[in-house]
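Below is the structure I would like to discuss, written out as structure tokens.
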Amino acid sequence: MLASRDRHADRVVPPSGFTAQLTLFAAAAMAFLAVFALALSLASGRLAARWGDELARSATIRITAPQDQQSAQVEAALRILETTKGVRTARALTDAEQQALLAPWFGADLALDTLPVPRLIEVIEDADGMDPAGLRLRLAAEVPGAVLDDHSRWRAPLVSAASRLRTLGWTSTLLIAAVMAAMVTLAANAALAANAQVISVLRLVGATDAYIAQAFIRRFTIRTLIGASAGMALGMVAVLFMPGGNDETATFLTGLGFQGWHWITPLLVPPLAALVAFLATRMAARRTLETLT
Amino acid sequence: MIELENVAYSYGGGELLSDISLKLAAGSFHFLTGPSGAGKTTLMKLCYGALSPTSGTLRLFDKDVHTLDRDEIAQIRRRVGVVHQDCQFLDHLPVKENIALPLHVSDRSNEAETGDIDDLMHWVGLTDRAAALPPELSGGERQRAALARAVIMSPDVVLADEPTGNVDWDMSQRLLRLLIELNRMGKTVLVATHDLSLIRATKSQVQARVLRIANRRIQLAGADL
Amino acid sequence: MLASRDRHADRVVPPSGFTAQLTLFAAAAMAFLAVFALALSLASGRLAARWGDELARSATIRITAPQDQQSAQVEAALRILETTKGVRTARALTDAEQQALLAPWFGADLALDTLPVPRLIEVIEDADGMDPAGLRLRLAAEVPGAVLDDHSRWRAPLVSAASRLRTLGWTSTLLIAAVMAAMVTLAANAALAANAQVISVLRLVGATDAYIAQAFIRRFTIRTLIGASAGMALGMVAVLFMPGGNDETATFLTGLGFQGWHWITPLLVPPLAALVAFLATRMAARRTLETLT
Amino acid sequence: MIELENVAYSYGGGELLSDISLKLAAGSFHFLTGPSGAGKTTLMKLCYGALSPTSGTLRLFDKDVHTLDRDEIAQIRRRVGVVHQDCQFLDHLPVKENIALPLHVSDRSNEAETGDIDDLMHWVGLTDRAAALPPELSGGERQRAALARAVIMSPDVVLADEPTGNVDWDMSQRLLRLLIELNRMGKTVLVATHDLSLIRATKSQVQARVLRIANRRIQLAGADL
């Protein structure tokens, strides 16, 4: 009984037409763009988080000392670091690592011991961070050849750039979501306006507002859901086949890509679009109905 | 059924209808005439709650229209069958489904499967056109479909606005017979028409009263017809 | 006379309604997004060009030699480079420059002459590029301590990443342009469908197809032009006030910004949108009219 | 003016009109009757080029309709004034502009400023409603507006499909008088109607011939009226 009534309620709305296509297409296109913007936001968010975190949480200590005192000073510095609050790990770079760092200037075939190259200690801070000024004082007292570089020179611009990037990503996502909402709302309104005769005929033969609104709401919500799902699927395929989606540098440079649970976020786009369509159609239907007696 | 007490109506300019007092009792048969633009359609719209009077009291089924909410008006529409002067349909559904539409929207879809609807379509001569879409109908066929749609619910009141404006004499007799039949079953009928010969022909078959709108008021036209 | 006819031809199309708002809004939103995508493409295009060019066109020669032979070898290398085809300029880095390069590892207070630091020669190639293999042979023969680093290690991934970035930018621009075209087309079609009665009345009272089509085409073209102009203006303002629009690193990181004549490109968006609207409406009007007699 | 030779028409099913031969000469006055659904509107649509015959030859102003392109049909519409059974207007323009619409679309806007249109509106009794929008008109007012729109260009042929279906007797006499006046000025007039008393009343004033569609053919109804 109820099913047959619902089936008929669906039939009272004309099956198609340009406004229907418009709703489908607008939902699909906007979902597609939203997936891209989401990918951008999340990728840049990851990047921003990594830069912000890693840069803020790592420091380098450079120990310049006569060859014979070097290892002693390195050990002294490491001991100090072990007892420093806010340091998670600290370790001296191996010869190979230092060689790799210096290769651009001295060539790969450099023999480190022929040079008075300073030793480098990599310090990783924990979540609370350490107090660089205090550490500097302790190092100056006990390890005269040590210089602490807490990367603040590099950090400031990169952290601000990274957070700008994240802001940009979310701004575009919100922007596209807003455009989608507006487009779906307008398409629903246009479709209702195109169906003004249907609505007035139904009202005149004794249909209640709820029946009429329901018929349109269901139609548009489903249409938006279908459109947005198609757009989302296409968008995810496009992101997946984005060149360099795996390597993190490439991902950063091409700006896109999902990782881990982020793959779930685009799945939220169709239900949200459908919700917008539901609310928009309900409002539009109510408004249209109120002009009729 | 429908009671107007000192009702006036205005579309915004001057008053179109003034001081109308009228009672459509259960089982009565009324004709409504008057020159074009006198307000016949307006009066009908008042009677099915599409317009509310600008002053006076209008009671539909013993309820004041001003106190009715939208769902109550929808309920009243199910008890009042209306043939509109410019009959409109759902253009994407075939004629038969359009005629059954009042049943569907008021949860009586199962009745649409019974034979009543076929009988009715046969009576108004639309059996052949049952599967056509409304835009493919001729002017007279549309009016007949509208009449069929108005009476499919066997409503307590039938309001018909120029139901025979586009059909020939024989067909208009046939349509009137349907209304007379319903009236004999106790339904209240109000027919707006400017076709005086139709009124005359009907008066011989049923106790019909003729109302005339002139100078914004309603009068009972009597023996002068 | 003609003006009065045109004025009337405009009046025969209902002034507004949801499909009109939809056309305006779709044009505006899509123009706005197009400006952003354009900014992204152009900025990344610039970046790609710079990386591709500069990296491909610069090389470094590292000369490791005993302290006393160093300047002689540098001069020899420079002489060779002067006669090498494809080299535009070649110069030895100054002490200050080398110190700056090494600062992260050795600190800013390094005295270069205490270290056997190699001398670096910066080579800028001209448009034709040079032949690294040939140069290596000549250097090996005459300057034994010289090692040519043509940056190919760095160049390959960066150049490919940069060109990926450019591709992404243009892909999104094209994508948004296509969405805009589709949206405007659908909105025009929806509006025409909503005005089916107007069209048939006009046709029945003896209006020619050209008259009817004209009335709609003008309306929709103008509407799209207005919408797209508004969207473009908003987009340009947004790009202008984008944080860090000046500094090139920040511009790269936030991905956006116009420079020089690029500021002109967004101005092309509204005319192009209007052209799309013109063609779409004309096609839609013709098609609608052909169904009428 | 309009010549049909063995014309047949079918909407896709069986033939609705068969073997119709008819000549509407310049200055003639014809009525067209027949039961609802017989094909009166269809025949009228053939006469203004909205439909093309499925077989036979139809000549409008001495040109075969099959050879006409779309712009030539538009030109013919300017010489043929049509009152449609379901009269439609531009709902966003006031009645007066709707009546002047044929002048505007055929580049004769300047005539819209002369007094002719006011005279015409006065004749059909719409002077008071000149500024109203079409959806605010009553059924009869719409028909009168449609008639005014059909004759505003003083066309060579006037085709009127049930022009009096919704107006009272006095008004229908008045409208017919307008058509008779035009006929006396040499215009060809064809009126589809099912109102036999209207035909009778007119026959006394003008040399009118009555055509009747029955069984898919057209007959000349004679003395039997």
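Here the chain labels run A, B, C and D in written order, and each chain numbers its own residues starting at 1.
Rule of thumb we're sticking to: contacts are C-beta pairs under 8 Å (C-beta built on N, C-alpha and C of every residue); 3 or more make two chains touch, one makes a residue touch a chain.
None of these values were measured; they are calculated from a predicted model.
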| item | value |
| --- | --- |
| Partner chains shared by chain B and chain C (touch criterion as defined above) | A, D |
| Whole-Å gap separating chain B and chain D, where each centre is the average of the chain's CA atoms | 29 |
| Between chain C and chain D, centroid-to-centroid distance (C-alpha), Å | 63 |
| Centroid distance [mean C-alpha coordinates] between chain D and chain A, Å | 67 |
| Centre distance in Å when chain A and chain C are each reduced to the mean of their C-alpha atoms | 23 |
| Shared-contact residues (touching 2 or more other chains) in chain B | none |
| Arrangement of touching chains [line / ring / star / complete / other] | ring |
| Full enumeration of touching chain pairs | A-B, A-C, B-D, C-D |
| Sites on chain C touched by chain A in the complex | 17-19, 21-22, 25-26, 29, 32-33, 36, 62, 64, 101-102, 104-107, 114-118, 120, 147, 149, 157, 161-162, 164-165, 167-168, 172, 175-176, 179, 182-183, 186-187, 189-190, 192-194, 242-244, 249-250, 253-256 |
| For the chain B and chain A complex, residues of the former touching the latter | 49-52, 70-71, 73-78, 82, 84, 88-93, 97, 101-102, 104-107, 109-110, 149, 153 |
| Residue ranges of chain A touching chain B (in the complex, touch as defined) | 1, 4-5, 8-9, 11-12, 14-15, 197-198, 200-211, 289, 293 |
| Chain B residues within the chain D interface of the complex | 11, 33-37, 40-41, 85-86, 125, 129, 136, 138-142, 144, 161-162, 165-171, 194, 196-197 |
